[in-house]
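The two complexes that follow have chain A in common; it is paired with chain B in the first and with chain C in the second.
== the complex of A and B ==
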């Protein structure tokens, strides 16, 4: 009974937070739009670069034709948008301004409002991005070997990718408790993401040892894996193994969050306290 | 002469200010090295699959990366900090203090803030550029050197004028910081030769947000692939944009009414 009541309360919290964020997103729609430019431009640039390479080396590079790259990067653009978070910048600001004190006073864990914040902004940005991706698809004419089972497995893979990325980046954001130079940490993180999640190139284009590193670390499972899955580039076994790895990373990051959050709150002292 | 003296004074004050925060130097050094390393590693991945990218060989691409860092360094050294401060001061009304000084206000706002650690990007860019030239194994003729410096200057003027136009919009609209973000995110596209992009994107990166003139064109000058028309276009656009920026700045100032007026 108690558990049920808690879940209901949490749902109410989510829907309320949802309305608030939605209203503020509509208010700041121009910033949202401008911020989306870089979300679109980065994969677009790599799409163009790799298509050029593919065209100039006999029509195919590492199993990708120019149109194959188009499919890869357009799906990557959408998956990236779906799993994206900006929580590291948010936390740095909260800790620096002492705003976290209010969040700590509330009777629920602050991660809940962050999750619903993140989801509600995507309800606005995703349709716009899908529209853009459709337009780009007309220009670059992507092709992929789509199949039904991969399409079905893609949905849980996408949700797990979001969870892994959200939990990992939320943990990383807690670095703000210990240092004010979060930017340098974030930069390292983004570079790892660039290479090991499949942003700079599909991971199969990398040397073998780097692919093994990417399999062990969480980055691939936040972005590259669902993309390759949807494009029909993975076998059944690879898909299952991927889901298992995603699951493992969700659990690892949940444990990490518990430990680091407790330690962090103990270190935190608001300005003026 | 007076202009140079003013630039020197402002620069000196910035150096004095910033040397109080020496750790920032190491943080910036760390970040710059990471960024350069990422750019080079990216090139390494791409050139492990091809000999030339849209007609650019590896060492020529290296030169382009050098120019990208060099110009990016100039932007974050003076242009970006000054223009961000201008927008803030229009909103807060602190532009009053600048306007009362007996010097040209446009010059003063443009050099008011110097982020000196960005000199690191500038130095690294130059280093990469020199390395690229040595690797290319060709001596740069006097003609190419003059062209390169001319195009670099034209590119800097174009970028500066573009930022000033955007920042001057703050005289009419309150929130324009976001517009500056557009340039920052579009600038990334300048790390690759503009000729790779499809026509519509090339047009946007040349005339709407003039990234092409800042990076590709100077690199073309250095690698001896610059045509006469592009050269004239760059110089023409630099003069035109500078004039437009001046006019918009003047019109904006006339609208400005200060904090308490």
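== the complex of A and C ==
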């Protein structure tokens, strides 16, 4: 009964946060538009580069044809949009401006407004990006070995990818409690993300040892894995193993958040809020 | 004896800050070896507030007022001593405690910048889990008291400083907190708006019975709202008691204003002449001699009018701090 009341209260919070996020976002239509262009351009550049490489090396690189790359990067664009967060910059700003004090005064864990804020902005931006991806599909004519089974498993994989990425980035964002130089940490993170999540190239194009590293670290499970899954490039065993890895990372990051959040608040409340 | 709403016993907060001299050499040295310095922001502070009291918390910049308020609202962990607010230990930040208090910081904003205040209020409604009826009721009351009507639908960034402060205060009170910490709620506001906010705080306290601890640099705020004041300096308690007793305790002088027929009289034998204008003389005399000097003035001179006053409260406070520094 109590748990149910908690959930209902959180749902109300999430739906109210959606209205707030929506109202804030429409205030900045132009910057939203520019930001979406950058979200589209990055995978588009990789797509064009890899298609060219693939065409000039006999029609295929590492098992991807030009149209295979098109499928990979269009799906990646959407998955990236779905799992993307900006919390690491946000936190640095919050700590610096003392905004966190207000969050700490509220009788609810601040992660909830962040989750709902992120989900809300996705509900708003995803339809636009899907429309763009559909347009690009007409130009680049992607092909993939899509099958229904993969499509079905893709949905939990996508949700888990969002959770892993959100929780890991939220944990990393807490670095702002200890240092004002969060940008350096963010840079390292984005480089790792670029190579190990399958952004700069599909992971199967990398040497074997690097693929093993990618399997151990969380990055692949935030982005590359659901993409490969939807394109039908994974066996059933690989897909199930992937879901297990994602699940494990959710648990690991939840534990990390709990520990680091407490330590961070202790530091914040020791040195001056 | 009712239980105090706020209770502090020997509360301490010491910050450790890196100490560094200026210059390249010192910068390099600090890379390897950091010398830390302890700054006592709050030093064994002890006081109690009864439920429903409005108390002015005074002290110069850096005296430890904000640090104390932050400890009492759970944002800061003390380094020593104890404190309870409504029976809870604030820095545990338990939810039932957080639902009963509020902290308004005059220099910071909690409202979302780009959307109307009404939307931020709705967000607070779900965060504090207020029922629609209670929320409507409180919001109507606050709207009436603070005259928020025309402000609620405008994006916060389009509001003036005073208008924004009114909305900030409303946002902080929607959950009807029983303990209200106000840190410089009138800072930067014009006199009319200051008076408005002041009247509101008094009315809110009367209606809700909430305990209010208020810091302000404007003595008018304190004089209008607080019977009792707590003065701290360098983190230590200097005075705790009635505002009028503060004046008694810390002023060694009284001001005597005499109106004479004779504009050219020389009164320096009676006391220090601070001002003289058209036969109206302002004298400063040691408190103990007030009666004697008054008697002499009346006996010796053709006095039309005579007035004995305490010096203005700002002057008293200023004296308190300079005395302490000396």
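Just so we're on the same page, the second predicted complex is superposed on the first by the 268 of 273 C-alpha atoms of A that agree within 3 Å, B and C clash if a C-alpha of one lies under 4 Å from a C-alpha of the other, contacts with A are read in each partner's own complex, and residues count from 1 in each chain.
Heads up, the rule we're going with is that a contact is a pair of C-beta atoms (placed from the backbone, for glycine too) under 8 Å apart; a residue touches a chain by one contact, two chains touch by 3 or more.
Remember, predicted model here, so these are calculated numbers, not experimental data.
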item	value
Simultaneous placement of chain C and chain B on chain A, clash or fit	fit
Which superposed partner A:147 touches (first chain B, second chain C, both, neither)	neither
Superposed arrangement, angle subtended at the Cα centre of chain A by chain B and chain C, nearest 10 degrees	80
First, second, both or neither for A:48, with chain B first and chain C second	first
First, second, both or neither for A:201, with chain B first and chain C second	first
Touched partner set for A:34, first chain B, second chain C, both or neither	first
Partner chain in contact with A:57 - chain B first, chain C second, else both or neither	first
Touching partner for A:183 - first (chain B), second (chain C), both, neither	first
Minimum C-alpha spacing, chains overlaid - chain B and chain C, in Å	9
Overlapping contact positions on chain A, where the chain C interface meets the chain B interface	none
Chain A-facing residues of chain C, complex	15-16, 67, 70, 73-77, 91, 93, 95-96, 98-99, 101-103, 105, 108, 110, 112, 114-115, 119-120, 122-123, 125-129, 155
Residues of chain A that touch chain B when the two form their complex	30-31, 34-35, 37-38, 41-42, 44-45, 48-50, 52-53, 56-57, 61-62, 139, 181, 183-184, 187-188, 191, 194-195, 200-201, 205-206
Sites on chain B touched by chain A in the complex	27, 30-31, 34-35, 38, 41-42, 45-46, 49-50, 52-54, 175, 178-179, 181-182, 185-186, 188-189, 192, 196-198, 201
Footprint of chain C on chain A - complex, ascending	9, 12-13, 16-17, 19-20, 23-24, 27-28, 97-99, 101-102, 104-108, 266, 269-273
